[in-house]
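Consider the two complexes below, in which chain A is the common component and chain B and chain C are the respective partners.
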Partner chain A sequence: MSFRIFIEQPVSERITTITLGQMLDNNNAESVVQTIVNAQERGCKFIIIDCEKLTFLSSAGVGAIIGTLEASRDQGGDIVLCNVSETICHVLSVLDLLSFLTVKGSVQEAIAACKLK
Partner chain B sequence: MIASKTLRGADTAHQQERKLLLLEALCNLADQFAKDPDLPRLIDSVVLTVAGQFTATSAMIVVRSNNLDRMNCIHSAIGKFRDISIKTNFLSPASDFSTHLTHSRPCVLNDLQWSESDDATLLEWREMGARVFVPLVVNGSIIGVMLMGPRVGNLQYSEEALGLLQDFIATITPLIANSFLYADMAALSARHLQILDSVRQAVFVFDSRDVLLMVNRAAIDLTDMISAGDSSELEVGMGIEKVFPDKVYPGWTEHIRKCRLNHSNRRPKTVIAKGPAGERVFSASVSSGEGLFSSGEGTILTLDDKTEETDNERRMFELEKFAEQGMMASSISHELNNHLGMLLGGVELAQIAQVKGLQAKVISTLGKLRENISQMQRFTAGLMDFARVNSQKQANQINDIVSDVVSFAVAQKRFSAVKLNASLTPLLPVMELDKDQIAQVLINILNNAADAILETGRMDGMVVVSTVHAKGEVVLAVSDNGGGMTPEVKEKLFRTNLTTKPKGHGYGLATCAKILEHHNAKISIESKVGFGTTFEFRFPISQ
Partner chain C sequence: MPQVAKQTPTVMAPSDLTISAIVAFERNVRDAVAGKPDLVRLDCQALERVASNHISLLWESRTLCRSQGIPLRLANPTVSLMRILCVLDLVEVFEYEGANHHLGQRMDRDMALVGLPQSFTDMVRSNSDDINDAIDRFVVFMARLRVSDTTTIELRTLYYEIATNIRIHSGMMAQDQFQVNAKAEADRLTVTFTDPGRPFDPTAVRVRFDAAAASGDRQRRGFGLPMIQRLADCAVYHWNDTSHNTLTITKKWSR
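Right after this comes the complex of A and B.
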């Protein structure tokens, strides 16, 4: 089960990072949604999702991200993906999501981009 | 699983990849439905999966519960629908599903067909920001609805996407409906178990292969108590020999199997368990549980712990014997005192006659003394016979027992004013009888008969003991011409704590009934107030 564990590490009041494990699917998508919603409710505008270890992203995982995306954008924030592997990139591409989601190369790049907004 | 025209035909590579992803999502969901019985959590997964597949920024499922115990609906939502779902009571829209939806196709709310509708529910959905609603249909009935919000980047729901969505929902809906069924079955099973657990008796359910299917709390407690933690715990799936090992539960499995094979032999039977914690006595009932099992008949075993009851019966028996012995001691000392008084008087008379030189008087007085001493010998011989410990049934002639008891009883004070006659049929068959116990019954009945006569104060009181041989039975009867009994007293006669005597303890006749029951004897009583009572005990000769 450890490959489904994810860790949230706040960077500031406005920015938090969620480091995903190897899988984001039916089994942990709801927990990820809950973590993002909690962060949004305490005023965190930018959620950075570090996908460095992620090797499998299911539809439920995608649902967790896009279902919480609008709430961040409505607050003037965003959900930013970073360290996205080629496999995950392909999944997002098939779903026509790449042009819609904000994707950065690394956590530092993502933090820098969020600080600029 | 997903079989639709949208999955066939000449798709582009991109379309094919989308469909593969969709198929994978469905397989994952189906897998989760098979493993996870928690329906609200499964619906959360469906919402997240559908939203992810169809890139909907918000989505919601409302399912009407078909269980009357759960009147509310199960719902789950993400995106903007999330806040709405928390605030809204979905009871009303859910109950209105069938009035709005006439087909199972996903419906785009901006389409002409729906956009002009002034239906309150549709207006409410549109105001929420829903773009598409998809009825969840099972066997022609709508169990819920899925609402989809705008897609990311405001992409339209194309015909292709709607077709895939329909296939997806059509595949998932039966799983949701089945989950309701499973949840209901689980609730029903939990309810049955709760009822079973509230029963004092231990219940074991075995299938047709004698594999343990179910036990209640009392059954677990019982096996724990008997094994005293010495053997492995009960587990569903255990064979009957492991549940009731012959060493601890001698003959139980054989009895249960026999009962199952022989439909007529299902009367409760006394069985004994011999665990490390001691011996316990149970009344065991076996029934077939017809119709409960898919693979032939099973067995339902119900055990009622009778250990305490048996202990109480034994104590009651001992108490009665003790009380009888007390009464006997009192009447023996009275009787012996009478004889000793007569002996003392006789000796004094003999001494006076000797002093006066009346030799003939001395000889006649000594003769009377000798007669008195012989009477005392007969009395003590009868007493020793009666008091002899013999708790086992043996071949006995009932007339011998009656004669012993009668010769003992006539010496008692209570029979000094009551005539006691015995009318015994000779050459009765020898029967297996516990001599002490039958004597105890008879002395009890005779004493009661004498007391009943003495209460009336009549001078012609008579008790008759008789034995006869009739229709495969030996009948022992005791008749008296005492005060008789009212029907109320007669009805409660052999129950404990019933006594009409100021110093009675109410255990005497109850003990008698137990003894007669051990001898398979039938009891009948004829009584009329003011005329007397006749007790008849019918002993089967074949016993």
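Right after this comes the complex of A and C.
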């Protein structure tokens, strides 16, 4: 279970970060969805998902991101992935998601990009 | 920079296939050829994990040298490299020297498979914890086959998605078991999932996936089938009254 623990840390009223564990799959995807939805309902426009530790992403994990993305973008915000490894990038590219999602190299880069909007 | 004397320069073949490493390697080979040496050596001692792009670099170097009438020799080829060259029927195309160079004379397709485990069988209980443990065992099997990181994550994801479909849709109880058989061949891995549950054919409908449409619909489920269909090079489904569901996926691999 420790592989799936994730941590949310608000950066500001508009920005929050979610640091994922090693796995985002059917066991924790719904919890991640709820965390994202709660943040959006609080008024967070930008949700930064730090994937530095992530080594496995299932279809449920993909759904957690895709299913909540529009709610952020509708409000002029976004869900930004950062620190995405080559293997996870490869999985995202299989579903042609790399060009659709916003991906940044680091948390700092993601925060800076969100503050510009 | 190429090493040693201009008569027989040596260029190190890169293990990493980053753009900068490839550019540097190609530049070093061009520089070596420009000196009109008697011989160009490509030192291959770093090529423990060999991808198709490594072979392409070696082939292009050979082509460049031949165009200038300069012999090319692979120095210290690794056993992994010799196996791949054997599988691709390219052993006789190159000249060799140094460690393992003798393998160029006598390695054949069967020897290329020596030392590899070729099959894998597992019985898996249809619950989340056991499926995750089974995937770990499967990943160990792939590691022994020296499968690339990219193919490993593809196969790990395929296994997870197929096993999760079995868990969710087959009607099996948590302690009921399904079987996984894997067969490793020279250029592919075939994995068969057999379960006694309800009929479920993941190949029946070709699922069109559109990220923008899925996001617009706030779709959170249903991405497993498109992932299976896109990750597997081939997927074949059978049903019979004895073994029930049998799904065989084939993945062409790089080692």
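By our rule, the second predicted complex is superposed on the first by the 117 of 117 C-alpha atoms of A that agree within 3 Å, B and C clash if a C-alpha of one lies under 4 Å from a C-alpha of the other, contacts with A are read in each partner's own complex, and residues count from 1 in each chain.
Throughout what follows, contacts are C-beta pairs under 8 Å (C-beta built on N, C-alpha and C of every residue); 3 or more make two chains touch, one makes a residue touch a chain.
Quick caveat, the model's predicted, so the values are computed rather than measured.
In the superposition on chain A, contact of A:12 is made with neither chain B nor chain C.
In the superposition on chain A, A:86 contacts chain C only, with no contact to chain B. In the superposition on chain A, A:25 contacts both chain B and chain C.
In the overlay built on the shared chain, the residue A:67 is in contact with chain B and with chain C. Shared-chain residue A:100: touches chain B and chain C both. Across the superposed pair, chain B and chain C both touch chain A at residues 25-27, 33, 58-60, 62-64, 66-71, 91, 94-97, 100. Per the touch definition, chain C reaches chain A in the complex via residues 128, 149-150, 152-154, 156-157, 160-161, 164, 209, 211-212, 214-216, 218-224, 226-227, 230-231.
Across the complex, chain C is touched by residues 25-27, 33, 56-60, 62-64, 66-71, 73, 86-88, 90-91, 94-97, 100 of chain A. Put simply, chain A touches chain B in their complex at residues 25-27, 29-30, 33, 37, 58-71, 91, 94-97, 99-100. Within the complex formed with chain A, the chain B residues making contact are 14, 17-18, 21-22, 24-25, 28-29, 32, 41, 44-45, 47-53, 55-59, 78-80, 82, 152-153, 155.
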